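Naming follows writing order (A, B, C, D and E), and every chain is counted from residue 1.
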Amino acid sequence: DEQQVNIAVAANFAQPVKHFAEAFEKKTGIKPIITVSSSGTLYAQIQHGAPFDVFLSADALRPEKLVAEGLAEKQTLRSYATGRLALVSRSGAPDSLNAFVSRKFDKPVAIANPKLAPYGLAASQALGTLPADTALPFRQVQGKNILQTYQYFTSGNVDDAFVAWSLVKRSNYSYLLIPDDYHAPIVQKMVIIKDSAHPYAARRFMQYLLSAKVQKSLMDWGYQSAGKR
Amino acid sequence: MQSDIDAIWLTLKLALFTSVLLMLIATPLAWKLSRWQHKAKNLVLAVVALPLVLPPTVLGFYLLVVFSPNAVAGELWQLITGEQLAFSFAGLVIGSLIYSLPFAVQPLYASFLQLDNRYIDVARTMGMSKWSRFRRIIMPICKPAFMVALGLSFAHTVGEFGVVLMIGGNIPGETQVLSIALFEHVEAMEYGKAHALAFGLLVFSFLLMALLYRYNRNGVTAWKS
Amino acid sequence: MEVVVNTTGDNLSLNVRLDFPASARFVGLSGPSGAGKSTLLRCLAGLSRAAKVNGQWDALRIARVRTGLVFQDSLLFPHLSVGQNLLLAADFAKQQTHHFDEVVLGCKCHHLMTRMPETLSGGEAQRVAIARAILNSPAILLLDEPVSALDDSLKHEVLKYLATLSRGGLKILMVSHDLRELALYTDYMAWMDAGTMVHQGPSDNVLAELTSQLPGFEQRFSVFTGKLEAHLEEQNCYAIRCEGQLIYGRFPVIDGNEAMLTIDARDISVDREAANASSIVNGLESIIEGISDSQDGQLMLTLKTGQTQIFALISQLSQERLHFKVGETVTARFKLR
Amino acid sequence: MEVVVNTTGDNLSLNVRLDFPASARFVGLSGPSGAGKSTLLRCLAGLSRAAKVNGQWDALRIARVRTGLVFQDSLLFPHLSVGQNLLLAADFAKQQTHHFDEVVLGCKCHHLMTRMPETLSGGEAQRVAIARAILNSPAILLLDEPVSALDDSLKHEVLKYLATLSRGGLKILMVSHDLRELALYTDYMAWMDAGTMVHQGPSDNVLAELTSQLPGFEQRFSVFTGKLEAHLEEQNCYAIRCEGQLIYGRFPVIDGNEAMLTIDARDISVDREAANASSIVNGLESIIEGISDSQDGQLMLTLKTGQTQIFALISQLSQERLHFKVGETVTARFKLR
Amino acid sequence: MQSDIDAIWLTLKLALFTSVLLMLIATPLAWKLSRWQHKAKNLVLAVVALPLVLPPTVLGFYLLVVFSPNAVAGELWQLITGEQLAFSFAGLVIGSLIYSLPFAVQPLYASFLQLDNRYIDVARTMGMSKWSRFRRIIMPICKPAFMVALGLSFAHTVGEFGVVLMIGGNIPGETQVLSIALFEHVEAMEYGKAHALAFGLLVFSFLLMALLYRYNRNGVTAWKS
């Protein structure tokens, strides 16, 4: 008899969640209300009493911290997807990262802010795998999050950007999928908030998200399923 | 689209509440400041302008801390109203008030300083009450400044974003205002929707402002030539 | 009327006691520039918090009643048309003492009603300011040089209208630099300097006092007082018995049975032989008490008849011809007017 | 001087031609309230873009030279002290024509230098505004009722100072409602109404014209012109031969060999027998040409001697006593002053 | 910490550049508008206020589109300066200018409307040039409004965030301003650093404003009593 569930979702996963939510509502009659923000903002809000039921973070750190702080149900902490990093390039995707850094650049290259966005961190880790003496032949510009980073690319202000695979998978741009051993896995975790007003509906949504059908379709959105790795 | 319409409605409500409340707060404050002959005046003026120098999100973060039921202010509010301050419409209004206060206070302050006090003296000898003097003399003479204060605070509340996002929580139908919806469309690369919404917002605001400034016409403006 | 005003400002300390009979209706106030006249009016209007104002004017407690003030600058509300300025004042009147159209006409601003203040000429604005103050129906009207920007004929029309109002019961205190204007229209007047009252009393008395002290000859007056003998209605003048002799004047100040006439020293001529067939009606036999030194070709004779002192300003040329001497009996003559 | 000004506003269409000899230095301008005097000054000062202003004043092209304007309101810059207002004006003068302290003293504002404008009394502000305009060293100074808020003695001191400046070469055009003030200090004057010039010429001529047209008797003047016979320095007066007879005056208007005297109708008395031992110096034998009806107890005799018309205002009372008749020969008498 | 110091320095530079340039642009604009007697005036005023109603990030996004070398403006800039407009200091300045324009124009506009034109007439008869009239008469008489315009636009540029974040690219020492650094600390849950930076920013801004408003003291303010 819980008619709704309040879902707080990190921006990069907003599109898939909206899609899944529709199906979920059809199936269960529970109306998901979706709040999109950056993981950091959502974390701060939950800390200060935001009325969310489920928190889908872009990382593993923040949900774990919420659990550690006693603000989330420990036993509901689950990873729901694993992100993949892609290098999108207007002049054609390079074959490898090494090939990329041997190019010539007249515009900066965009990455997400490593301090704020897991994809940014992943990107800098990936660049860090290059031989130590490789001086990067481009300037970096940082977007606040992965979406802003992608906007630098789409608006034409940069010609190359490290973004989430999910963003470019369905586009016409050519990209290089960065091998997932170039960076720590981008594990995205979710958790149910302790004071949740709809714990039952929240659980059902969680289960739905972890169902095999949904997990299998994650690939279409540019994610790997949670279980892999 | 329903959520966009909700957002439009909420934004209008918020901007209206905020700008009207702001005028009610800012007018007496600016008046007192303009008539106050104390050194501390500059400090008060500086304090009024301070919310501006914090990035909206950061200001919003601190407000969130203050509004939280664990903090005194948030607890008091919850005691009195029975509701949580953060993530409520009231919280949005308070946040917007604080953030937009300088835009209302400062133009009024400057205008009140420029006002010739002797008009008020005349009104006083004519037996006008404080309120009549304000409504029939001060307000019309300083009308341009009132329009500016109202226009700036309305527009700023419509466009404001960081504070509202932080303390509002972007809850559709409750605290998701237009600026956030627009932001989301852009972030989600729904550019078509974003352009439509931005265009609509611009046109609407333009009309509203044009209407507002029209009232300025027969102000104290005629050109003595 | 007895009003005491005390206040101390940066450049002026004002200590004033206005003391007139209750019957005083139209009171004039003059004094040099910077004497504190405008400051006094501000205090009386209750606009100075620092000032202590006490007293009453014909049972009206000054600090309580509505006192209208017309400032030296007209200060019409710039956002309202002339008509709206006037209507606003009427709106805030406690009762409608005066008929709107009458006041507008009396102050000659009927043709200005739709105008905005910044399009008015100096004199037009002044008239509107006066009308605005009257329409607010104050018990006491304070006027700060209200007709200084009006041409002569308008000035007199407006002053006559003010005099009518004062006869109708409105108490008026008017500041002006034109002593003759005050003498013509006010019944009492005060003269202040440096924040204190120097002279006050019936207008003509004050004028006489003033003129006998002024440095230049040209402003000296003689004051003739006596019993009012007759009002010659057809001839439109009054006969006054002064020192046993009859003199005639058109505008004496009349206080019950007493009447008073002031004549400029320059308007009095002195004859040794009484001429009979002259259009100069008034002649008072008197004795020369003093003859001043010549100054700029003029000299002042001080004459005396009974208690009345008469000042006559004559030219050096006529003195050279006539050789008036102290002690001589002469006739002081002046036209009826 | 020949200046043409044309402009059309909402409430006034101004079409004015000022036409004075090049020698005119101190020119007066008067006219009823709303006549367009202030508007004319604004045009002359180049403040009205719509206005067409052409002509020159003694080789100065009006539209080119620096014309200082003292507004009807003083308009001191509110953010500057009196001293700073004056220094600013001096700063922007093209050359320092006048000595700073002299001007400050001449306008009686030496004691106000450190004051802020809003603390000044009306008359104080007016004086500062005049000083400011002078210190800007204009070639032509336009004054809009500059002394209306000054008491008599200050007024005359300031006007005398202005007259000194005009004798020193500064051209002054001054608006005033006080015709006597203009007659005393200006050499030429103009009278305008409803945007057009009605009279202009030597000040006394204009006064005479004006007074003969005014509706009330009281403002009518007689004008006596004739050859200047002598300047009696010791007696401080001039002798003028008018219609073959000698008359004396202290302030005639002198134009080369010609002199002119204007006398108020109310200052002229009429004698049937010539009295000899009177302090009234002037007497002109003349014939009664007309006798007006009595009005308010007064009537006007129109006398004629040669070409000169004399107006004498006498009381009904004296007419009842003396029964003057048309055609009779009488003496028109008036004091030397 | 070096990066924080760089950010402080950059922020100051940006705020100074923006607010000073803004005064140079806003003053003649506000003056013309206040003297302009045309119906279209209200429309222009409304347009000036428009940047406010767009959420900063959205405005930033559109600016990004315009600044891109594929767009006319961005291309032209690159042709002339040889540099890219986005991610450059110049770009930040332009973005800030656009976003803060209303805060500078509107208070000045209101104040110019309230100014008695006859003071300018007096100055004109005194032979003052346009510039002298402005500097020695108009500016001092309208000083409160200038202070307000300067204060609001400075503070707003310091705190502004969305636009700068978007078009700046957060390049340390080049476009990473204080507000972004502060935002980073908050988002990265480095609350200690965030508090310290926010506190420092507030104190510094407070001092600066208090200094600014001190100049108001001997304005046109004395109380005619």
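As a convention for this text, contacts are C-beta pairs under 8 Å (C-beta built on N, C-alpha and C of every residue); 3 or more make two chains touch, one makes a residue touch a chain.
Computed from a prediction, not measured in an experiment: that's the story for all the values here.
Participant: Keeping to the contact definition above, tell me which chains border both chain C and chain E.
Facilitator: B, D
Participant: Centre-to-centre on C-alpha atoms, which chain is most distant from chain C?
Facilitator: Result for max centroid distance from chain C is chain A.
Participant: Could the interface between the copies chain C and chain D be described as same, meaning over half of its residue numbers are common to both, or is it different?
Facilitator: same
Participant: What whole-Å value do you get for the distance between chain C and chain D if each is reduced to the mean of its CA atoms?
Facilitator: Going by mean C-alpha positions, chain C sits 24 Å from chain D.
Participant: At what distance in angstrom does the C-alpha mean of chain C lie from that of chain B?
Facilitator: The answer is 57 Å.
Participant: What whole-Å value do you get for the distance between chain A and chain B if each is reduced to the mean of its CA atoms?
Facilitator: 36
Participant: Can you list the chain D residues in contact with two or more other chains?
Facilitator: 47, 73, 119
Participant: Which residues of chain A are in contact with two or more other chains?
Facilitator: Each of 41, 44, 148, 151 in chain A touches at least two other chains.
Participant: Touching two or more other chains, which residues of chain B qualify?
Facilitator: 57, 61, 116, 118, 121, 141, 186, 219-220, 224-225
Participant: Touching chain C in the complex: which residues of chain B?
Facilitator: 116, 118-119, 121-128, 132, 136-137, 140-141, 143, 218-220, 222, 224
Participant: Applying the document's contact rule, which stretches of chain A touch chain E when the two form their complex?
Facilitator: Touch residues, chain A against chain E: 38, 40-41, 43-44, 65, 107-108, 110, 113, 115-116, 139-144, 148, 151-152, 155-157.
Participant: Would you mind writing out the residues of chain D in touch with chain C in their complex?
Facilitator: 10-11, 30-34, 37-39, 72-73, 115, 119, 121-124, 127, 144-145, 148-155, 177, 179, 214-216, 219, 232, 234-237, 248, 250, 266-267, 269-273, 275-281, 296-298, 312-322, 324, 333, 335-337
Participant: Flag every residue of chain B that touches chain A in the complex, lowest number first.
Facilitator: Against chain A, chain B makes touches at 57, 61, 64-65, 67-70, 84, 86-87, 165-166, 169-173, 176, 184, 186-189.
Participant: For chain D, which residues count as touching chain E in their complex?
Facilitator: Where chain D meets chain E, its residues are 42, 45-47, 66-69, 71, 73, 75, 77-80, 88-89, 92-94, 116, 118-119, 132-133, 136, 138.
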